[in-house]
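The two complexes that follow have chain A in common; it is paired with chain B in the first and with chain C in the second.
For the complex of A and B:
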């Protein structure tokens, strides 16, 4: 099995891009990643995307984005795993290069959510849940997360206000990321006063509806220096799944998909949770950050919120998360998010993050992208290569 | 790069399955393929599907189908390339096993088209074309194919009636396939009298709106005998793309995506077009069968319709196509079709097809699955293994 490396990264700012379409965003990220890797062609393109059909009336975006990125003719396909689509596309790019059939692969995640009225977006996002057993009951995606958060508060004796630590950290870090959607800090007081969305989830627990695209170029590690002075090794990129509907889970507070994916990644890379210097967590809602930390083995069950309040999650803490803003602060263009996380991890390992969010001595950075309420999880472990 | 083999196949009948949902169909095909390969588990599931979101309001079908097939926890993802989705999923399964990371992979294609009113289905299928430059102009998918057919007739001096040969052959063969949608033969007279859909395409040029699922189990070839007495080698499974919109092509009658995909497959497998014993062609419309034969190198440009009328495409002809009915006769559940084609090729190589459509001495069988009007093409070459 040959080793693979990331030699190019690209991203668009995360915004409400009302003036641009899905293909424009994807092409911008792809071309930026290709420029960064000094390549003019590639063998394969994997497009992570969830909602092109429902919101932009466009399927078949693999071939379409290849064409508009000047790559007409190459292998191209769309990969979908709800909000985990981008890292799922990365996984396919990694497998393609590892197989020996593909030399230069590009993975791009793209989502264009601000295409229709926001009600359409809410309905569309519910397709990450079980249509026949959850969505049909009127459970929106926020409501599903609200059930989880309420249950967490009940089981572990945690107050609503304690969750503020995640939002405060995410927004504090996002200020230093020019690609982030939000550059305004949030205080605990603002969090406590925020408008309720689906009790107990308020506006400041929720990642924003946003558009964007992020991309990476993958090559065999042995050839990485041809493309980049600072290649980053993909030590692992592993998928785990769980039931789609929450009610099929014995313990809804334990994300088995996260546990499976993270354990597979640790085993593949030969690392332990404490080896991870930076963890780009899937904090679509504050509760997901807490549950992910626990199922990934970084915090004992029921302790993540307390640890967050003790400062463990800040750039100088024990396990820094959302260092570039996370889904809450950078934004969450669903089918693109997993590759934003990976791009941010690469920036850490290339020592290219702003000083304010720099983490000392990072050897491994971990990105974890989650589809639905934990039904598809892709954990990517990236490793600094010694120059 | 390790060799891979197909050791299990499964398919549902192609029908209007008004009483069954997408997950039911997919699970039936997956379980049938697993039974055929005598396996109770797998490492990864690739779900080919185009329209689950738009027609069933369900994305995230990778994890969902894994769960309902009793495979909760395994790697699972959806792969989309319009009508080429199923073979695109197969391609990913092949790469995954070739990479060495996955031992047992399942590829399933599934489509549930009869979920909403037929107008919704027509609109949904147009998402295989360019939403911003074709569909928005009112060009339905049938209309795009009608433009191609009209142009072919004009350029090559072929009459509308000459295209009957494709439909007559497809329906004659479908009669012997219990999984096919149609079991009624069609005569040239019936073809000539068929209702016009989008001039010059009539009802009997068009594959039917249908539901179904088909699946295969893939393992390393060196382990194939553990699972099956009649494994079939995947000699090649190669993707080629072209522009999505027709107007971006210099010569719309030459399917560059087909040429690229087929040439890559021939090179990978080390074969020539004349080595192919059976060709399961993507005859979504009669014109696509003709154009595919030409761009695949089996017929010179402008000669496919004449050759079809001379009997070349029947089971006893020079290059038998649509031997189990093709898209026209077996049916075309879009995101499942590519795996129906592959299953049928496997049946040939296992000598399990009905006598009436048996082709003598098949060493290589080829399946070609096309997304859109030739924008994504996956050509799979399967090889008989000497026992």
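For the complex of A and C:
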């Protein structure tokens, strides 16, 4: 199998894009990535998306986006894995180019969540859970994460207020990212006073409902310099799964899908957790950031919240996370999120991030995209090629 | 909520019926064609006793569509005595009184309804085991 590299990136700002539809957002990101890679054509397009059918009443978005991006005729297909859809699409692009079947592949993640009333969006997002045994009980996606957070607090003796460290860091970093949804810092006091959604999860634990699209261009590594002066190697892009329903896991506080995906990625890339300079974590809720750090091997079980409060997660800490705002600060357009994370990792490895969030000496950056409460996890390790 | 789907799930919703693996004895809820423990395919129906304890819970203030009129309500993960965990609402209890480890038992209740002329959906919820000597003895 041949090595592959990312030679182009594109992203739209994450916003409530009332004036823009799903296809516009996707096309903007695809064209930006193609311009960045100086390509006019591609051989295949993989579209990560969760809810086009439910919220935009539009399926078949693979061919649709290819057509409107001026790529009519190429192989194009949608990939769906709930909030993990974008990285799942990236995985397909990587496999296609690695195999030699495809020379230039584009992966784009796109989501349009603000098309209908917010109730519809809440219900649609709950489709990531088990419809027959979770959603039917009145369990929103927020509530599922609240079940995890309550048990974490109980088992490890952590207080609700301690989780503020994740939100404070995410918002502090998002200020420097022009593509982020939020540019205002959040204090611990604001966190403690935020409105409760599903106790113990409040508004400031939760990533915002938003729209956006992000894309990358993948080519064989040996040809990368034809397209870019700053190619980034895809050292691994590995998928792990777990039960869809939270209640079917023996220990819900240990995200086996994360462990499986991260271990496969470390093995494929030949790295250890401590080699990772930047970790774009799937902090859809602050509890998910904590559980991901632990199951990825960066923190011992039950210690992530304490480490976060000691400053380990800031750009100057031991393992910086959410450096461009994370899902909390940049925003979480669900089926696009995984590629926002990858684009941000590429920016680090190209030394193109703002000084305020720059991390010294990053050789490997890791993006981890999670579908549902951990049923599908894709861990991508990117490696610096330029020196 | 479509009618065939809810009719199909009646044994689960009304009777808390899952499966038991004939090879290794593991219990499953929901019912499964393949045992996750031993991968055996010889499973038989099993009706759970409905007795268990709260593993975790949340009090929902912002509800999904169709549940708005019930807020605040409690959804819990309940550890059944057969060693299986299920997700269900707690009922007949003040949200303030819910605690991890609390003994609970299954009851059949209304889960929701689809407007005035729509389907009324029934299924399992759990309530505290009050005055249950076994429950108190276990709860030390």
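Worth a mention:
By definition in this document, the second predicted complex is superposed on the first by the 385 of 387 C-alpha atoms of A that agree within 3 Å, B and C clash if a C-alpha of one lies under 4 Å from a C-alpha of the other, contacts with A are read in each partner's own complex, and residues count from 1 in each chain.
Following the convention adopted for this analysis, contacts are C-beta pairs under 8 Å (C-beta built on N, C-alpha and C of every residue); 3 or more make two chains touch, one makes a residue touch a chain.
Just so we're clear, the structure is a prediction, and the values are computed from it rather than from any experiment.
Of the two partner chains, chain B is the only one that A:260 touches; chain C does not reach it. When the shared chain is aligned, chain C comes close enough to touch A:139, but chain B does not.
Look at A:248: by the touch rule set out above, it reaches both chain B and chain C. In the superposition on chain A, A:128 contacts chain B only, with no contact to chain C.
After overlaying the two complexes on the shared chain, residue contacts for A:352 are found with neither chain B nor chain C.
In the superposition on chain A, A:199 makes contact with chain C only, not with chain B.
Contacts of A:226 after superposition on the shared chain: neither chain B nor chain C is touched. Contact with chain B, but none with chain C, is seen for A:96 once the two complexes are overlaid on the shared chain. Residue by residue along chain A, chain B and chain C are tallied for touches, and B comes out ahead. Comparing the two interfaces of chain A, the one with chain B and the one with chain C have residues 123, 126, 132, 135, 248 in common. Of all residues in chain C, only 1, 5, 9, 12, 30, 36, 55-67, 70, 73, 75-77, 85-89, 100, 111-112, 121, 123 touch chain A in the complex they form. Against chain C, in their complex, chain A makes its touches with residues 119-120, 122-123, 126, 132-140, 142-143, 146-148, 150-151, 154, 195-201, 245-248, 252. Per the touch definition, chain B reaches chain A in the complex via residues 1, 21, 23, 44, 50-51, 53-54, 56-60, 62-64, 66-67, 72-82, 88, 91-92, 94-96, 98-102, 123-124, 126-132, 135, 238-244, 248, 256-257, 260, 371-372, 375-376.
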